[in-house]
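Paired with chain B in one complex and with chain C in the other, chain A is shared by the two complexes that follow.
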Partner chain A sequence: MLAIKELTAGYGQLRVLHGVSMHVGKGEAVAIVGANGAGKTTLVNAVCGLGPVTQGRVIKDDVDLTSDAAHRRGRHGIAVVLENRRLFGEMTVQENLRLAEEHGRAYRSANLQFTWQRICELFPLIAERRRTRIELLSGGQQQMVAIARALLLQPDLLILDEPSTGLAPKIVKEILHVLRGLRSEGMGILLIEQNVGVAVEITDRAYVMALGRIVHEAAGTEWQTFLNDERLAAAYLGKASAGI
Partner chain B sequence: MNVGLLAQSLLAGITNGLTYALIGIGLAAIFKGSRVPNAMQGEFSVVGAIVVVLLLTGHGWPYWLAILCGGLSGAILGAFIEVAFIRYMIRNAAPEDSYLLLTIGIGLSISAAVLYFFGRESHLLPGFGSDNLYIILDAVVREHVIWLIAISILLTIGLRQFYRTTSVGLKMMAASIDPVGAASIGIDVTLMRTFTFMLGGALGAAAGILITPIIPVDYMIGLQLTLKGFAAAILGGLTNPLGAAIGGLVLGIIEAMAIVGVSSSYKDVITFSLLILIMIAMPQGLLGRAGRTGG
Partner chain C sequence: MKASRSLVILLSIAVCVALPPFLPRHFVDLLVFAGIYTVAGLGVGLLLGQCGIANLGQIVFYAIGAYATAYLTVYVQAPAMVGFVVGMLISAALALTIGWPILRLTGYFLALATLAMGIVANALFFEWDWLTGGTLGIGGIPKLQIFSFVLDTPLRFYYLVLGVVAICLLLAHNLIRSRTGLALRAMRDSQDAAISLAVNPRALRTRIFILSALLGSVAGSLFAHYGGFANVQSFGIEKSINFLLIPVLGGATSLIGVVVGALFIAVVPELLSQFGGLHQILFGVALIGVVVLMPAGLTGALAEVWRRSAEGARP
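So, the complex of A and B:
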C-alpha cells in the first residue's frame, strides 16, 4: 500500500535521511523505532509532504506522491497525527474536526467509514467536550482529538508520530485500545515510536532507524521479544531507550 | 466645555477611530494570516478610493457599482502582492524584516504611481445617502457619518462571523494558527494566505472609500493611514483583528479628546504618548494573547 524507495532528505546542507526504503502492506501495522535524532520525524514529514525530499519516491497504491503538495496527500488515503498533535488551540474541538471533514478521501467519497457518530463512539470525550477550546484540554484528550481529526480524513493508512510521548500510562492504554480496534478493521498503521514497549503492542513488524538509515528490520518473534534482546536494543536504541 | 462641543468631538473621534479600526483590522488579518507586517495597508485605502473617484466622476458609473469595484480593486491588489512577491519570499525562507522592506517599497511605488497618473490634487467622494444633517446631543452629524459608523460596525461583526462560522474563514484561521497542522489535514495553506491578502486588501479599500467623503484622498495619505492602522492594531493586539477594532476606537477617541482638551497641534504627541504608556502596561495589546506555545 505504501512504499518508500531510496528516500534521501535533509535541510539545507544537512542530510538527514540516506536512501531509506520501506513498505507498509494493506492493513498492516508497522513500527519505526530508533533513538532521538535517527530521522524518524524527517521520514514522516517526507511521506506527508511536509518536508523536503532530495531523492527517492513515495508511492501509495501505485501512485507516485513524491511531488504532490502536502494538502493533496490525504486524498490518497494517508492521514497523519503529527508529533505535538498540531491542533488549532484557539478553536473548539468541533471546529478542529469540521476542518478535516471536508478533506482527505471524504472529499470524493459519499460512503464514509468514519462518521461523527463513529468518532463519538471511539472517543466519548469528543461528544462531551465538542464546544471546548483545544487549549483547555489535557494532553491525552488533545491526542484523542488529533486521532479523531485524522480519521475524519477517511484514511486507509494512519501514520502516528510519537503518540505516547508525555501521556499518562492510562491514556496511552486507551489510545492503544482504539488503535487495536482500528487495526482489526483493516486500517493500515505506521507508528513512529521511541517507546518500543508501546510499539510492540500493536504492530507486527518494525524498522529500526539509526542516523538516517534503516539498520534493521524485525518481524514476528524477533520483534515481539525485541526488548528482551539487550544487545539489539542497546545497539539500535541507545542505552536509555533500551531500559524502557 | 459644553456638551455640544464634547459630543461633537466624541463623534469625530468615533468616526476617525472606526476608520483606523478598519485599516487596523486589515493589517491584523494579514499579520495573523501570514506574519507579514504590512506597511502598505493605507495604500489599499488610497487605491480603493481612487478607483471609486475614477469610475464615479471619470466614467459616470452608478455610485454603488463604483464602490463595489473599489472594494474589489483592494482584493485584487492584495492577491497580486501575495502571488507576485510574498509567496516566493516565503518559499525562499526570507527573513521576517524583509517583508517590512518589501511592503514599504510597494507602498512607496503605489504612492508614486498615484502621483504620476492622478497628480497632486486631492479628491473627495460624495457622502453615502443624502446630504441631510442630524442633531444628536447638540452635535451636528452628516448622514454619511451614520453610514460610516454602521458599515464599520457591520464589517467588524461580519468579519468575526466569517472567521468563526464559514468554512473558508475557519480554514484561513487554521492555516494562520498552525500551517503545518493545517496542511496535514488537507488545507491549502498557500491559497488561504492569498485569501488573507484579498480580505486585508478589501478591508483597506473599504476604509478608504468610507473616509474619502470626509477626508480627501491624495497620493500621500496612505502612509498616514498605515501608521494610524498600525497603532490601532498594535494597541488591540496585532494578531487579533477584532482587537484592532477596539484599538482604533480608543485611538480615535483619545485623539479627539486631545484636540478638545489641549490643542490640535499636539494631538499626535498626546495620543502616541498615551499609546506608549498603554503598551508598557499591556505589552500584548488590549485583547492580545500571550505568545503561543507549541503542542
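So, the complex of A and C:
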C-alpha cells in the first residue's frame, strides 16, 4: 500500500533522514518508534509532502507521489493526524471538520466510508460539542477531533504522529479502542510513537529509528515483547522510554 | 451585542446616505476619494488580513483601470462600461501571470516583489507614452452617466461610489463566510494542517490576489472618470503605500476597518493642510501614533473600548 524507498530528507545543509526504506501492507498497522530527534516527524512530513525530500521515493498503491504536491496526496487515500494535532483553534469543532468533509466527499463521491453519522458514532463528543470552539476542549477531546478530521478525508491509510503525547492513560485507551476498530475494518495505520507500550497495543510490526536511519525491524513475538528485552529497548530508545 | 452591532451598521448607512447633501462640496469631494480608496484598499486588506500578504503593488492595477478607461473612452470613444471591463480583464490576467510565480514567496520577500512590480509598472507607464500619454497623461475623460443622468457633481458621483463600496463590502463579507473564507482561516491558523486537508495555499492566495487586482482596477476606473484625467504622477509608489496603510490603520481583519482607514487617508491630510508646510510631518506623526498606540488598527481600538464599556456596564 505504502512504500518508502531510500528516502533522504533534511533542512538546508542538515540531513535528517539517511536512506530510509519501509513499507505498510494493505490493512496493516505498522509503528515507527524511536527516541526524540530520530527523524520520525521528518519522515511523516516527507510522506505527506510537507517537508523537502532530496532523494528517494514515496509510493502509494503503485503511484509515485514523490513529486506530487502535499495538498494532492489526500486523493491517494492518505490522511494524517499531525503532531500536536494542529487543529484550527479559533474555529468550532464543526468548522474544523468541514473542509475535510467536503474534500473527502469530492474524492470518493460513490461510497463514503466515514459519513458524519459514522464519525459521531466513533466519537460521540463530536455530536455533543459541535458548536464548541476547539480551544475550549481538553487535549483528549482535541485529539479525537483531529482523528475525526483525518477520517473525513476518507483515507485507506491513516498516519498518526505521536497521538498519545500529553494525554491521560484513560483517554489514550479510548483512542486506541477506536484505532483498533478501524484496523479491524481494514484501515492501514502508520503510527509514530515514542511510547512503545502504546504502539505495541495496536500494531503488528515496527520499525525502530535512530539518528535518521531505520536500525531495526521487529515483528511478531519480538515486537510484542520488545519492552521486555531490556537490551533492545535501552539501545534504541534510551532508558527513559524503555522504562515505561 | 449582535443587535447593537446591526444598529450601528444601519445608523452608519443612514448617515452615509443622508449627510453628504448638507456638507460643503469640498468635503463631499474628499468622501468620493475615500470611497474610491476603500475599493482599492479592500483588495489590499483582504490580502493582508486573510492571507497575511503585504501588497505594495496595488497601484499597478489601479493605474491599469484608470488607463483602460482613459484610453478606451477618449481615443476609442467606447462606452464607460467597456473601460471598466477591459481594465478588469487586463488586471486579472496580469495578477495571474505575476501572482502565480511570486506568491510562492512569503513575508518581506513577497512584499518586496510587489514593490518591485509597482516600480517597474510606474516606469513603463512613463515610457509607453503612445498608450498612457506619458507625463502629460490622457485628459478629457467623459463624465460617467447612467442612462441620461450625468454624474457631473461630487455629490452625484458620491452616490455611485457609495453603491460600489456597499456592493464590494457585501461581496467581501460573503467571501469571508464562504468555504474559501474557511480555507483562508484554516491556512492562517495552521498552514500544514490546511494543506494536509487538501487546501492548496498558492492557488488560494493567487485567487485573492486576482480579486484584489480587480478591486484596484475598478477603483482606478472610477478615479479616471471622476478626475477626468489619468497621468503617471497619480500612480506613484507613495499611492501604493497609502493603499497598504488603509487596512493597517483601519484594522486588517475587519471590513469596516478598511472604510475607516480609507477615510483617514483621504480626510486627515486635508484637515492638516491648514498647517502649511508642517502638514506632512503632522500626518507622519498621526500615522506613527495610530500604528504604535492601536496595533489592531482604529476599529480594533474602538472594539476594545466597546468591549470594556460593555463589561463595565454589567453589574
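Keep this in mind: the second predicted complex is superposed on the first by the 240 of 244 C-alpha atoms of A that agree within 3 Å, B and C clash if a C-alpha of one lies under 4 Å from a C-alpha of the other, contacts with A are read in each partner's own complex, and residues count from 1 in each chain.
Going forward, a residue touches a chain if its C-beta (ideal position, glycine included) is under 8 Å from a C-beta of that chain, and two chains touch if they have at least 3 such contacts.
The shown structure was predicted, so the numbers you read here are calculated from the model rather than taken from an experiment.
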Worksheet item: Does the chain A-based superposition show chain B and chain C clashing or fitting?
Response: clash
Worksheet item: So, A:172: does it touch chain B (first), chain C (second), both, or neither?
Response: neither
Worksheet item: When the two structures are overlaid on chain A, which partner does A:69 contact: first (chain B), second (chain C), both, or neither?
Response: both
Worksheet item: Of the partners chain B and chain C, which touch A:86 in the superposed model: first, second, both, neither?
Response: both
Worksheet entry | First, second, both or neither for A:202, with chain B first and chain C second | neither
Worksheet item: Is A:126 in contact with chain B, with chain C, with both, or with neither (first, second, both, neither)?
Response: neither
Worksheet item: Which residues would you name on chain A as touching chain B in one complex and chain C in the other?
Response: 48-50, 69-72, 74-75, 79-80, 82, 86-91, 95, 98-100, 102-103, 149-150, 153
Practice prompt. Going by the contact rule at the top, pick out the chain B residues touching chain A in the complex.
Written response: 167, 170-171, 173-174, 177-178, 180-189, 289, 292, 294-295
Fill in: Residues on chain C engaged by chain A in the complex (per definition of touch)
179, 182-183, 185-186, 189-190, 192-201
Discussion item. Under the stated contact criterion, what part of chain A meets chain C in this complex?
Written reply: 48-50, 69-75, 79-80, 82, 86-91, 95, 98-100, 102-103, 149-150, 153
Response to the item:
Counting only contacts in the complex, chain A reaches chain B at residues 48-50, 69-72, 74-75, 79-80, 82, 84-91, 95, 98-100, 102-104, 107, 139, 142, 149-150, 153
